[in-house]
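For clarity, chains are labelled A, B, C, D, E and F in written order, and residue numbers in each chain start from 1.
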Amino acid sequence: MRGLLIGRFQPFHLGHLAVVREIRSSRPDAPLLVGIGSAEESFTWQNPFTAGERFEMIQRALAEAKVGGVEVVPIADIQRHALWVRYLEGLLPPFDRVYTNNPLTRLLFERAGYTVELPKLVDRRRYEGVRIRERIAAGRGWAELLPPAVARYLGSVDASSRLRILRAGGARPTRGRAR
Amino acid sequence: MRGLLIGRFQPFHLGHLAVVREIRSSRPDAPLLVGIGSAEESFTWQNPFTAGERFEMIQRALAEAKVGGVEVVPIADIQRHALWVRYLEGLLPPFDRVYTNNPLTRLLFERAGYTVELPKLVDRRRYEGVRIRERIAAGRGWAELLPPAVARYLGSVDASSRLRILRAGGARPTRGRAR
Amino acid sequence: MRGLLIGRFQPFHLGHLAVVREIRSSRPDAPLLVGIGSAEESFTWQNPFTAGERFEMIQRALAEAKVGGVEVVPIADIQRHALWVRYLEGLLPPFDRVYTNNPLTRLLFERAGYTVELPKLVDRRRYEGVRIRERIAAGRGWAELLPPAVARYLGSVDASSRLRILRAGGARPTRGRAR
Amino acid sequence: MRGLLIGRFQPFHLGHLAVVREIRSSRPDAPLLVGIGSAEESFTWQNPFTAGERFEMIQRALAEAKVGGVEVVPIADIQRHALWVRYLEGLLPPFDRVYTNNPLTRLLFERAGYTVELPKLVDRRRYEGVRIRERIAAGRGWAELLPPAVARYLGSVDASSRLRILRAGGARPTRGRAR
Amino acid sequence: MRGLLIGRFQPFHLGHLAVVREIRSSRPDAPLLVGIGSAEESFTWQNPFTAGERFEMIQRALAEAKVGGVEVVPIADIQRHALWVRYLEGLLPPFDRVYTNNPLTRLLFERAGYTVELPKLVDRRRYEGVRIRERIAAGRGWAELLPPAVARYLGSVDASSRLRILRAGGARPTRGRAR
Amino acid sequence: MRGLLIGRFQPFHLGHLAVVREIRSSRPDAPLLVGIGSAEESFTWQNPFTAGERFEMIQRALAEAKVGGVEVVPIADIQRHALWVRYLEGLLPPFDRVYTNNPLTRLLFERAGYTVELPKLVDRRRYEGVRIRERIAAGRGWAELLPPAVARYLGSVDASSRLRILRAGGARPTRGRAR
């Protein structure tokens, strides 16, 4: 049966790719659902890229790395944690194993009876979304932290300008610094 | 680039399969996004099956029919039609062609500049979701309207009982006939 | 442990009272949660009375009938049936038995492993919410279908005028007949 | 102080214009707020035009008819009738008189202590939104029911095609007839 | 008539119990509504326990302390403060006195014409939700701050582990530290 | 065609008035839409005044300053930035120029093809909403930062008390300091 890996992938970096690759090779027969969390958010510092852009990053990276057997699904947040696992069960095809290092995600799935596995993180200090966003905004040494296809894609959507604006600016169009 | 086909697939029947097959063979190089509409609804007469169940039906049917190059994505409704195309653009990876016979869907996408194609419908009178649901609820001659894998799957989740209840019952748990 | 009875109680009538009384006397040691469904709705033909008004009706009727051991809780609808039981589990203190004649409610609770009991309905043709609302709107012979305390209460909030307007008028303030 | 007139104005027709004109001339010193109800809806048969399109119709019609002293405000529905008047009080500058022929609107405002006046309707049978929409969809004799500026505007946005599609089609992009 | 006391009760501690007891004994004839605020939230650091768990805590504590005349009601937040009092009026049976030390709650109710009373707080430094949650997470000396029945209940749901995870972890399943 | 200026106007101060005046005099023939952002919020420190109160401030200030050609529209937030421009296009009559100094607003509108102009800010350090709110709460020297009509209006609604409470208090009625 399928496994499930949920992340926000802002952006999808080499740490994510290593986790997907490891899961896929440890269980070649079980397809992997990759859920794009906070899918409804974009153009914020925490979630600069739309779900569609993140979808595209993931697919390009997996194609480049020749990793198959992955299904990508955008997942909008619901704000009620007590319902979250049930919500995912209704949205996704059956899965029986969840990969996460997030303690809350782990708690919620274990309470619902799922097996939770903790994927080994590769050099967590380097491969962390917020640090990579900082680097992209600052324009220093970020490309080598991403799969080449993702780095090219971020260049094509001018991610640097966007991140610079989002880091400097306000949390909402109507709540900026310069107002 | 990708094409997009949106439906509710309640359930996924042979008419749907024929459309997917035709689109895929007419453009073998362009992957097809299959969006499961009204993904947030289930256990109603209009939408008896969860998005996850519909996802499973589609994947089983495509595997059985050996149709590849399809990506399945659940899509929750937003209630604001004027925003719908933009909403899909934010949720999905880039697509440039939309397949639909729904006049409103066509209107909304054409206003946004998309190419809309009308898939040929195979014997529309037979292959219509609501009629098939009627047949499943009544327990008469429905299996032959579905891909075998879907028919078996519906059997395994006892679709007949569920549809019988939903047809008879109310639209909400708190608004039934028998209260 | 507690039992749970959910209804919309528009209005709370003698049929409801009989059900509550029967449940309470069959299990004198188990408190009964009475959930007021569709609590967010009011001033519509389907749901003319606010949750607060229904709360008041129920408490007055139970006090008058000297029925104790009942806890009343307003319950707003969520629109996702697949999450409904889990939603109630998060909202209410533990319960282990559900009383309902609504087939969908029964289906959802049985799938979640609950014991569902079907309360005996007393003269269903007389004691049905919509028929009683019709009678109140028409001003003919409704008081005898309600607990006396409820009949007095409905008089005090001028339920007849309200129901007459709601039956004649539109479903929303901005969607009436006379516009 | 201001008066308030709420409608959906689908479309803004000569009956609406007569009402606005009469209110303005009866109280030349009191500005009139014209609230566009169901502002969040569009591209449905009940609400084919966006709030912005309706805003534009109203302003063009009033400019053409040289009616001043009107402020137009889009008003999204909230679904809770018991909160509706309070919601409007928070959204709009102070008003003390409400013009409506909708019995529910009248009930809700009178319960909140407002003076409600019933504008005289001019030939209600002719000037009713749904009938005018029918005529536009059918392409027969609708222009004379609208202020000339509105008729021209509707021509420029090709209202006939849109209404023909919405009348024939489904209530949602994912719930059409032809699916 | 009833009084109203609203809190989040994360968890229900001896300070809360003292307030309830004082209110009940000062007005033995007026039932007290205890509203569980932020009822839709759980499994966050601010709101670790579901409304149902908090409901259970309150009832066990009141039974143990032999305090009667209390009705417990979960209350989901609405995000619009200007509507909050009206929202409560629609949800709850009539009340005419509000007990609160929250300045905003007081402001909103006084603007709506209610009598607001400030319950005397017992040793506020000890009995504050967030400090008690800190102690539970750290596993040091928390049981004596709670009614014995609540302390036992929290032990039975393993509150310590949950709070330790929530304090360490992220605000959402998809926004944790370890991702 | 119209221009669009969006702000939260908490409160509407002399810096805002200068911007409106400059826009109006630079393009006397183009009406200006003034959108009140975060219209659904009030009674928070960030957004103390209701949309209706802000509407009233703006109209009084413009009448006093004899600035015409301005249409005021409350605009509720949607939380999805990627849809924001489209949302405004559906809500407002046509506009073709946007005035903003908010970098995110600018980014979103430029991506959608609009001309964005940066209004010159008058002494930004003095005329900033949050600083003015601080001064009002502290009761020191705020009146001279506002149009006289706004200063009088804020006096009439006792803005000082409200702001003092909101600065001290919690973000929600159920999440205050004193609980």
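Please note the rule applied: a residue touches a chain if its C-beta (ideal position, glycine included) is under 8 Å from a C-beta of that chain, and two chains touch if they have at least 3 such contacts.
Nothing here was measured: the structure is a model prediction, and the numbers come from that model.
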Matching chain pair for B-C (criterion: over half of the contact pairs shared, by residue number), options C-E, B-D or D-F: B-D
For subunit D paired with subunit E, centre-to-centre distance based on mean C-alpha positions, whole Å: 45
For subunit A paired with subunit E, centre-to-centre distance based on mean C-alpha positions, whole Å: 36
Set of subunit A residues in contact with two or more other chains: 42, 50, 80, 82, 89-90
Chain-level touch network, classified as line, ring, star, complete or other: other
In contact (per the touch rule at the top): chain pairs: A-B, A-C, A-E, A-F, B-C, B-D, B-F, C-D, C-E, D-E, D-F, E-F
Subunit F-facing residues of subunit D, complex: 39, 42, 50-52, 55-56, 59, 71-74, 76, 89-94
Subunit A contact footprint on subunit C (complex, rising order): 80, 82-83, 86-87, 89-90
Residues of subunit D touching subunit C in the complex: 6-8, 37-38, 46, 75, 77, 79-82, 84, 100-108, 121, 124, 129
Residues of subunit A touching subunit F in the complex: 40-44, 50, 161-162, 165-166, 168-170, 172-179
